[in-house]
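Shared between the two complexes below is chain A, which has chain B as its partner in the first and chain C in the second.
Let's look at the complex of A and B:
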């Protein structure tokens, strides 16, 4: 296992943002974390890397290649073995040339040659290195980030919404680069709110809602409604264009009990209980008391 | 770039004209009667009507305001600043002498407030929420709400009257001929006024830089820098400093007006014979040519500072850089 997280709870000033989260990524695996905006995806990514703001408290167990991911460990691996692929140009310093930023501020010949090679690999002219971030197009910025992730050999790639604003082919191309990284033996966590894209490229999909995992399942399960078990996941499935655009009028996730309490047709009294356990059924892990299967504990 | 500067220069020229008109109107309609102030009620009482009329012509109060202004403007922009009514000397002579006194303390105050203001602001921003930040921030707020003349008086009492470290006033020692005034004398006399001026200008730049530092450290690009494993030190040098310096320097260039404004009060308190003190004398004495010249020259400095800020911003910031190759 490259990354093994369990019982992760993230809170800010005693407000819980993410509750009882788990995640396992093996070498060569691409896991998609899917969730609506505000469901806590970014804060999770930042907490794994230890770069969340000081007031964010992350409790639970995070193991990286079998060892606890301590502060000291993070200092060694951040930017080298564990890399972040950010979302947009605002993650680049507006006053520094792109090439130098990819080289992590270094200017020596070896770093620069490496950057040149990577830029070539991703179809960018070497003159792009001399540009400032505001001179990049959206697609180009994404390739710059991917190049920056490959400056060293990453073992774990965390991509936080790497595709919004891109047209479909471009998005698929970006995603194919993540697949390549996985093929090279890295574990990839791709955060997105684009379920279709996740279905196309991921091995495993985790659906997050209101800071809680609703369901974790194989990407294949999304090919049919019958292999999905959580009412929320089913609702997501029905909302997809090829399945008829049936949107449920879901308001904000419920703060207590199951987040999907208000949108679910089958919700009952027990769903209002604060602690809802996980159930395993075939290859899926579902957080719904109605799903059936075997109750599990992490 | 040249076109940009030209366009802005024209705009500033118009602004300066507007400022001169405003100053002229204020002078013309001010309740101060130059005759009464400079000649005195009793003297006027014993003068003949003829004499009074002559004096009135001298102080300019018989001409209609518009004619008077146009006359002044024509002379001024053809290079003749006129003769000071109070001193009966060419205004240009008085100004050049006063300006050479003031420029010392003004530039010292400007540089000191800039350098220390930016350093303290950055420090407070980096250490946001710590004791150091609280001390810097609250001191800055305290000083920004302290009237400059009051602070100047306090410093004068403390350092000149009690401790006797610095002279009570003037820009040179008393009773020393101009040739014998050393540079040390000048510095010695300038320290206290420029210190007070720089302290007065500092809170603004401190608070602004602090705020900017905090925003930069919370920015996405600093987050990404952290994710790349950069140390806090590297982040400050590579990203923090540059992004904070840019607006700070711009602000400092634009703050010349405040230093000039402060100098009027500070020079008054320290009896420092500079431009600021002269402005007060000219204003209260109804010396139209002198005051107008001071106003226009000060406005020129302020405008030049703003223009410099603009140009610097365009040169340093790649997003605003002039010329081609900027867009894909």
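Let's look at the complex of A and C:
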């Protein structure tokens, strides 16, 4: 197991953003973390990388290749074995040429050759290396990020919303690069709000809503409504244009109990309770008391 | 009401290549039309021309046979792809909404705009939250036509379907013509009655 996270709770100034989160990524696996905006996806990525703002408190257990990911360990592996593919070009230095940023400041021959090769691999002309970040198009910027992630030998890649603003073919191309990284043996965590994209490319999908995991399941389960168990995931499935384009009246997750309390037709008194256990059913882990299956603990 | 584009030629400056060449197109206020085109075709430019943000080099944009008003409220309203670039960052969201005229509480509720967001400034809101304001603002006046340029790419599926259902209801009720630009063919099939596929015709 490359990354193993258990009982993660993230809070800011005593407001809980993410609660009782778990995540396991094996070598060669591509896991998609799907959720609406404001469900706490980016803060999770930033907490793993240790680049979240100082008032963000992350509690719980994070293990990287079997060992706890401590501050000292982070210093050794971040940016080398664990890499973040950020959301937009504001993460690049606007005053440094792109080629040098990908080389991470190194100027020796071997590094420069590697940069040139990576640029070729991702269909970018060598002149792109001499450009500044603002001169890149959206798609080019993504490829620059991917190239810079591959400068080292990443074991774990965390991609934070790698595709918004890109059209479908381009998005699929970007995702295929992550697939390639997984095939090279890395574990990939892709954070996105685009469920359809996740269905196309991921092995495992984790659905997050209101800071809580609703369901973790295989990507294949999304092919039919019957293999999904949580009412929220079912609602997501039905909201797809090809599956009827249904809608619900809920606009915001409820703060106490199950976040999908107001939108669920089967909600009971027990759903109001703050602690809802996880249940395992076939290949899915569901946080719903109505789902059936075996109760599990992490 | 009929919004027409008649034999329009357009390019951004004299040396630039033509973006639209001899383009004609019309939409009535009871129609919902979807446009699908490859990226770089000039879909956004097409919308900008129809809403009066750009003027054609040759040809005409006509609303019921007359040119678009040069001053005051334009009955053709556009909802932009990047909401963060479409609002004044120096204004609280309440003032941003007021730009569009009167917005009822019911409308805010249906769009999922929370009251506490009203005193905030745009950089502190997410793309999805901002887009709801932009939609409310566009509906606030009394538009006859709405141009929606990739308005739901930043939204999750449930919010996307909520916002579209609301928009379709309003458009039907108030007899507003709707032009939707998107890459998502299946979405267009759901929200529009007619789809137009555009191909590059530029040499």
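Criterion: the second predicted complex is superposed on the first by the 298 of 298 C-alpha atoms of A that agree within 3 Å, B and C clash if a C-alpha of one lies under 4 Å from a C-alpha of the other, contacts with A are read in each partner's own complex, and residues count from 1 in each chain.
Basically, a residue touches a chain if its C-beta (ideal position, glycine included) is under 8 Å from a C-beta of that chain, and two chains touch if they have at least 3 such contacts.
Not measured: the values here are computed from a predicted model.
When the two structures are aligned on the shared chain, A:90 is found in touch with chain B, with no touch to chain C. Of the two partner chains placed by superposition, only chain C is touched by A:195; chain B is not.
Of the two partner chains, neither chain B nor chain C is touched by A:220. Of the two partner chains placed by the overlay, only chain C lies in contact with A:167; chain B stays clear of it. Touch criterion not met for A:117: it reaches neither chain B nor chain C. By the touch criterion stated above, A:38 is placed in contact with chain C alone, chain B being left untouched. Residue contacts after overlaying the shared chain place A:79 against chain B, while chain C stays out of touching range.
When the two structures are aligned on the shared chain, A:247 is found in touch with chain C, with no touch to chain B. Residues of chain C that touch chain A in their complex: 39, 82, 112, 114, 126-129, 153-162, 164-165, 183-184, 186-187, 189-190.
Taken together, the chain B residues at the contact with chain A in this complex read 218-221, 223-230, 234, 238-239, 242-243, 246, 316-319, 326-328.
Contact residues of chain A toward chain C in the complex are 34-38, 164-165, 167-168, 170, 193, 195-196, 235-236, 239-242, 245-248, 250-252. If you check the complex, the residues on chain A that touch chain B are 46, 49, 51, 53, 75, 77-80, 83-84, 86, 88, 90-96, 104-105, 132, 134-137, 148.
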